[in-house]
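What follows is chain A paired twice: with chain B in the first complex and chain C in the second.
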Partner chain A sequence: MSDEEKTSILILDDEAIVLKRLRPALEKAGYEVETFVRSSDASSRITERQFDIVITDLKMEGLDGMQFLTQVKERFPKTEVIVITGFATMDTVKESFQKGVLDFLAKPFKLGEILETVKKAETKIKQADDS
Partner chain B sequence: MGKFLDWAKNTFNRIRWKPHEDVSFASLFHTFQRILGLNNRILEIMSDMGTKLGGDYVFDRQYIISSCRQMAVLVYELIYNLNTLAPKKYLKLDDIYRDIARDIQEELAGRLVIPQADDVMSYDIITRDFSDVVGRKNANIAEIKNRLSVAVPEGFAITTRAFKSFFDYNGIQSKVDETLNAWENETITCNQASQKIQGLISSGSMTPQLNKAVERELKHLQDLTGTRDHFFAVRSSAMGEDGEHSFAGQYLSLLNQPQQNLLKCYKDVLASTYSPSVMEYRRQKDFSEHEVAMAVACQYMIDAKVSGVLYTLDPMNPTREEMVISSTWGLGAPIVSGKVNADRFMVSRESPYNIKSLDIVRKTERFVAKECGGCEFRPVNEEMQMQMSLTDHRIRELAEVCLMIERYFKCPQDIEWSIDQEGRLYILQARPLNIKADVAPVVCDISSITEQYPVLFSGKGVIVQNGIASGKVFVVGNDGDLDKFPNGGILVAKETSPRFAKIARKASGIITDVGSPTGHMATISREFRIPTIVKTGIATKILRPGQEITIDAAENVIYEGKIKELCYYGFMEDNFEESYEYRLLRRVLKKITPLNLLDPHDKDFVPLACKTYHDITRFVHEKAVEELINLNYHHRSDAETAGKKLKSDLPLDLIIMDIGGGMKETVDHSTISQDQILSLPMSAFLTGLNTPGAWSREPMSVDFGSFMSSLTRTFSTHQVSPINVGQNLAVISAEYANLSLRLGYHFNMIDAYIGDKINDNYAFFRFLGGVTDPIRRSRRAKFINEVLIQNDFNVEIRGDLVVGRIKKLSPQLMERKMLLLGQLVAFTRQLDVQMSSDQQILKFLSKFEQLTRENETITILGRETS
Partner chain C sequence: MRILVAVDQNPYSAHTVGEVAKLAANTWANVSLLGVQSKRVPKNEGSDAKTRSWKTDGPLPNVLSAYRDNFLSYFKEEDCPYTEREFGYKMIELRKGLWEELYVCKSAKKNFRALIRIGNPVKEILAEAKEEETDLIVLGCDTSQGCSWENNMAVPQKVANDAACSVLVAKKEKKVERIVCCLDHDRVSQQSLEMINQLVTLHSAKLTIVGFAESEGIKTRVEKKLDNVLRYYHERDIEPWIEIAELSSLDTFIAQEAQWGLMALWMGKMSILEKALPKSKVKKLIKGSESSVLILR
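Here is the complex of A and B:
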C-alpha cells in the first residue's frame, strides 16, 4: 500500500508521551501519522496539507485546541476531528460538538478506544466520499 | 500542590472539632461511614493508578498530577475524620501526611526523592525506577538479579547524588561551568577544557559521607559472602548511558581493582565523564551539560574461565532469527574493545537453541586478572588454542538466560557474560541492542503484513500488560503442569492464579478465560512485563496445546502463527515504560501503595510507622473501628442505637446496633433474634454463619506447641487492648452492615452495602490474627485467599492478613457473597489449629467447596438465593 491510499491523521498534544503512544499504535493499524507538540507548528502544517482526521488536545499553552480545531474545520470541513482531553466541562464538550467535532475522549483512555474512534471517523469519511 | 495543601488545611480547620461527648452516636457513626467511604475511594484511585502502568492506557503527566492531588485531598479528609472520632489522639498523623505529600510534590516537580538518601545503594534495593540515581547499567543489572534471579556479580552502585555531592564538597561546580562555557564560546579547545575539568576532579577529595557509605557497603558484602579483601570491577553507569544512546566504550571501566583502591578508581571514572571524546559525543547528541551525572558500578571481579558477548538478535541479519555469541578464554574486555579474535557462534533463537554456524579461531592469548590487582594478557596452552570455548550445553544455558533477559526488557539485548572457574554463569551487564535501523525495512507496512495471518480472536478480554510476543501455547490445568512449562511458551489457562508467579520468568505471554485486571495475576504480569490478556472467555476453547500463536496485547488480537514482523515492530517501538511519565507514576506510587502496617497488635502499628498513603488509610480505618467499638460498647449513652444482643445457638456474643431500618420493631429492648433482622447484608451473613456444618462445634485438639503459642498470643493480645477481646459488634441499616468480629483471637472486619444501585454495592472483608504459630496462621490465610479468589474477590494477602473486596454486583449476587463470607468466617474460626501441613490447605478447600455446594439453595430472608 502506498502512502497516498492511507488515511492521514494529524495529532496535536502538548504532552509528548501522548504522541509517543498514539503514533506507533495508529501506524501499526495502517494509518499515516504526523504528530505535533506545539499548536503553532500544527497550525502552520494544516496550511500545507489536508488531513483526513485530526486528533487534538484542548487545553494547551499558546493557541489552544479549540482555536486549532476551529481553524481545521473552517479550512477543511470534511476533516473529522477527535478531541482528547483531561479536563472536559459540559461547556467545552458542547462547544466542540457545535464546531463539528466527531467525538470526545477523556484522558486517560485505552488505546483500543482511540482506535475504535478513529475507525468510526474513517467509516464516516468513506460514506461521505461514496455519496 | 503546596497551595492546595494550605487550602485543604484551612478548609478543614474552619470546621471546629467537637469532642464526642456532645455528639450523638448517629453522627459519630456517620463520621465512621465517611471514613469507610473515603477508604474505599482511596483504594480505588490507588488501583486505578496501578492499572495505568499496564500499558493499555494512554495517560499524561496531568493525569498523574491530578490523581495525586485527588488522593491527597481524600487522605487529608480521612485523617480529619479520624480526628473527629478521636479528638487529638492521633495528631502525629498530620506530620506523617505532610511528609508524604511533600515527597510526592517534589517528585511531581521533577526533583528526585531518593529513598534512604544515600550516596551508595546496594543492588538488593535497586529497581529500574532508580535509573536516574544509579544509571541504567546498575539499574539493569540489579533488575536482572532481583527480578529474574539470574546470577550477577555482587556489588553496589555509587549514585549520581554522590557525584553531585563530590562537586559541591570540593566547590568545583562553578569552575567546571566556567570551563564549559569557555569551550562553548570557543575560547578554549575541547582538549583544554577536558584537561582542566579532569584536573579539578582528580585533585578533589572524597566526601566523608561517601567514604563511610562505601565502607559500610564493603562490610555488608563481606558479611554476605563470608570472604574479605575482594577485587572489583569499577564501571561507569552514567545517566543516559546504555539507554537510547549507548555511549559505548566512551567512559572508563577499571578491572580487578583491590578494594582499598575503590575511591581512587571512583574519581578516575568520574573524570572520564569529561574526556574529550565524551564531551564531543554529548555535544553531537544534543545532551545538555547540566544533565551530566555519573553513577558508578562497583562489582566483585569474576575469576573468568570463559567470557564473551551475546547479541540476542543478529543486527546484520535480523530476519534470520539468530543470536550471535562471541567468546574467548579469560576475561571478555578485549572482545568488547576488539583487541582479540574470538570464537563466534550463530545460534537459533528457538529452543533447543541449535548452533546454525560457528567460527572457531586460534586463541593465542587470554586476558586475566592478576593476583595483586589489574589485568594482563597471558599465553593460552597450545592444546586449548583451537578448542571451542563454549560447549553446546553452555550455549543453551546462555541462550536461555539471555532470551529471558530480552523478554523482560522487551528489546534485543547486548549482553556481557562470564563463566567462572567453577563453571557458574554470570551476567555482567545488559543493554538494549539498537536495531531500529536494521529492522525498519522489514516492518515498513505492518498492517498489510498482519492481514495475511488468520486472526484467532480479537477484542476479547482485558489487556493487563501491553506488549507483543510469539510462542507455543501451553495450556495449564493443574499444579503439576507448571513444572513442564517451556521457556518462551505462552501460558493459556481458564483462570488466573497467583501460582503462575512460578513460571513468570519463562512465559512470553499469558491469556486466560476469566480473571481480573486488578488481581494477583495482573501484578505479576506487570512486574515481569509479560504481555497478558485476561477474561477472554474463549482462550482455552480456541487455542490448542503446542499451537504457535502471536499475541498482540496492544491491539488485543491473537493471531495464528508467528508474525516475526510484529515482534520486530515491538522491538522498534520506543519502550514507553521507560518514558518519564511511567517512571514518574511508578515513583509516586511508591509513596502511595505499599502497605507496611500489617498487624494492629504489633507495637509498630502507630502513626510514625506509616510510610505511604496506604499505611495511613489502613491505620485510620483500623483505629476508627476501634474507636467506634469503644464508644458503642462501653459508653452506651445513646439510647436509640443502644445495642441489642443477638439470640443465637452459636457462642457468638454479638451486639447489633441499628442505624436505620435494619431491624423489626420489637418490644424486647435487650435482645433480638435472627428473623427480626431486616438488613440485607447482615441477614445474608448470619445465614451463612448458621449454615449447617459450617461452624465447627467439636473442641479442637490443640497440640502442645500450638497451645503454648496460643498462651503467649493471648497474653500479648491482652496487653495491647484488653478491652476489646471477645467483643463482637455489628452496626446495620436496611442496606448496610459493618461487622467487627473477634472469634477466638482472630479479627474479622466486614463492611458491606447492598442496595438497588449496583454501582454502590460492595463487600469488604478483612481477616487477621490467629491462635497458633505464624506458619499455621499463614496457611489459613492462604486458604481464605484461595476461597476468596475462587469467588471473584479481589484479594490482597500479606502474611496472615487477608483483605478481600468485591463490588458492583446485583443485590442477589451480593447476598450470595455475604452468605459465603458468613460460611467462611464460621468455617475458619479455629482452622489454623488444624493447619499442620500445606496439604491441609487443599483438604480444607475441598471440604469448604463441598459445604457451599451442599447449601447452594439456602434461603435468606425467606427467599431462595441461587
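Here is the complex of A and C:
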C-alpha cells in the first residue's frame, strides 16, 4: 500500500442499516469502501481483489462471518480483519482471535470506536509495509 | 461497546461489577469503573472538614482497587483483553517522516480504567458518560432502601432519567430468566435492539417483546409493525414472545411484568414511552421493580 493509495475496506453485515451508517463515515474519513449484505457476494468479491481491511459481522445466513473471515485470512494473511457482532460470546471472541483477527467489537458501538479500530489496523499495515 | 460502571462503597456495587465482568467477558467491551467522591458530608460523620478532604489511600480508592481486582478475576490470564503483558522496543512515528525506537508497554486489547471524580455523583456520572461516548451506564442500588445510593441519594433513578445513553440499574435479587422489552414499534433504534441481543445472549434468557397501542382500534397497525421486529429476531434464531398492551394500562402492565429479571424500556427521543412515562414514573418504576431495569436509548 503506497501513501497515495487509499486504504481499502470491505464491510459485510446482513443488516443494511449498519452498512448505511458505516459506509459514509469511513468514506468521509478517507477510506475506499465496498459493502455487502450477502456473505456469498462478499466471498466472490475477495476472489477478484484484495482489501487492506475487512470488517465482518458473525451471525449471518448461509456462509457465516467466521467462515468468511477464515477465507479472507487464508487467501490474504496480511488483510486485517475486524469482527463486529450483536451476539458476542466468549467462544466467538476466542475463535476470532485464534483465526487472527485484529479486533472484536460488540454492537452497539459508536462510530468513533470503529474509526479508532480501523486506524489501528491501518497503522499495523503501514508498519508491516515499512519493515 | 463502551460501558461505564458507576460504583459506591456498598455491597450492591460489588455485585454490579461482577455482572459487568460477565458481560465484558462476552463482548470485550471497553470498561470504565467510576467512583464519585461526593462533596456532601454524611450526617453521621459530622461536619468536620477532614471528611471532605480527598485522600488517595482513602476508602473509595481502596474499594475501587478491590472492585478492579474482582473484575479482572473473572478472566483467565491468557484470555484477558485488559492486561498489558509485553514490554519491548517499538518503532513509533513521532511525526510524519520521523520514527523513534521507544521502550513501550504494548497496550492491552481493550481499555479497562478505574477512576474517581469529585463532585455530585449524578452530574459526574453523566459527564463521564458524555466525555467517553459511553454506550451503557450500569449501576447497582440498595433495594431495601428503595433503590438508593449512599446517603440515601436517588442516584440510579436520576442517572436513568437524564443520561443520553442506555442505563442498566442492576438488582441482585433476581436471576434474569426472561427479558421483557417494551419497544416503540415505530422508532426503536438499531443500537437498542443490539443491546437487547447482547443481554439475551449473556443470560440465555427468553425474550418478550411488548408493543403499546394507544387505543383498541390501532392494535392491528401495531401488530403489523411488530411483525418487522419479529422477523428481525427470527432471522437471528431468536423466538420472542410478542404481546400488545394498551397504553392506558401501562403502569399496571409494567408492574406485573417487572418480575422476570430484566425489564427493558425503549425511551429514545419521541418514543411512545418517553411521552407516556414522565420522570417521576420512571423513578417509581426503578424504585419499586424487583427486576433490573434497562432504559434503552
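In this text, the second predicted complex is superposed on the first by the 127 of 131 C-alpha atoms of A that agree within 3 Å, B and C clash if a C-alpha of one lies under 4 Å from a C-alpha of the other, contacts with A are read in each partner's own complex, and residues count from 1 in each chain.
In this text, a residue touches a chain if its C-beta (ideal position, glycine included) is under 8 Å from a C-beta of that chain, and two chains touch if they have at least 3 such contacts.
Here the structure is a predicted model, which is why all the values come from computation and not from measurement.
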(request) Answer with first, second, both or neither: which of chain B and chain C does A:48 touch in the superposed model? (result) neither
(message) Which partner chains sit in contact with A:88 here, chain B, chain C, both or neither? Use first/second/both/neither.
(response) second
(request) Could you say whether A:17 touches chain B, chain C, both of them, or neither, answering first, second, both or neither? (result) both
(message) If we overlay the two complexes on their shared chain A, which of chain B and chain C does A:27 touch? Say first, second, both or neither.
(response) first
(request) Return first, second, both or neither, reflecting whether A:108 touches chain B, chain C, both chains, or no partner chain. (result) both
(request) Answer with first, second, both or neither: which of chain B and chain C does A:5 touch in the superposed model? (result) neither
(request) Once the structures are superposed on A, label A:129 by its partner contacts, choosing first (chain B), second (chain C), both or neither. (result) neither
(message) Give me the intersection of chain A's contacts with chain B and its contacts with chain C, in residue numbers.
(response) 15, 17-18, 21, 86, 107-110, 112
(request) Show which residues of chain A lie in contact with chain B when the two form their complex. (result) 1, 13, 15, 17-18, 20-22, 24-25, 27-30, 86, 107-112, 114-115
(message) Which residues of chain B touch chain A once you look at their complex with the stated criterion?
(response) 52, 56-63, 66, 445-448, 459, 463, 466, 554-556, 569, 573-574, 576, 579-581
(message) Touching residues of chain A toward chain C in the complex: what are they?
(response) 14-15, 17-18, 21, 59, 61, 86-90, 93-94, 103-110, 112-113, 127
(message) Which residues of chain C touch chain A once you look at their complex with the stated criterion?
(response) 1-2, 25-30, 79, 91, 109, 133, 135, 190-195, 197-198, 201, 235-237
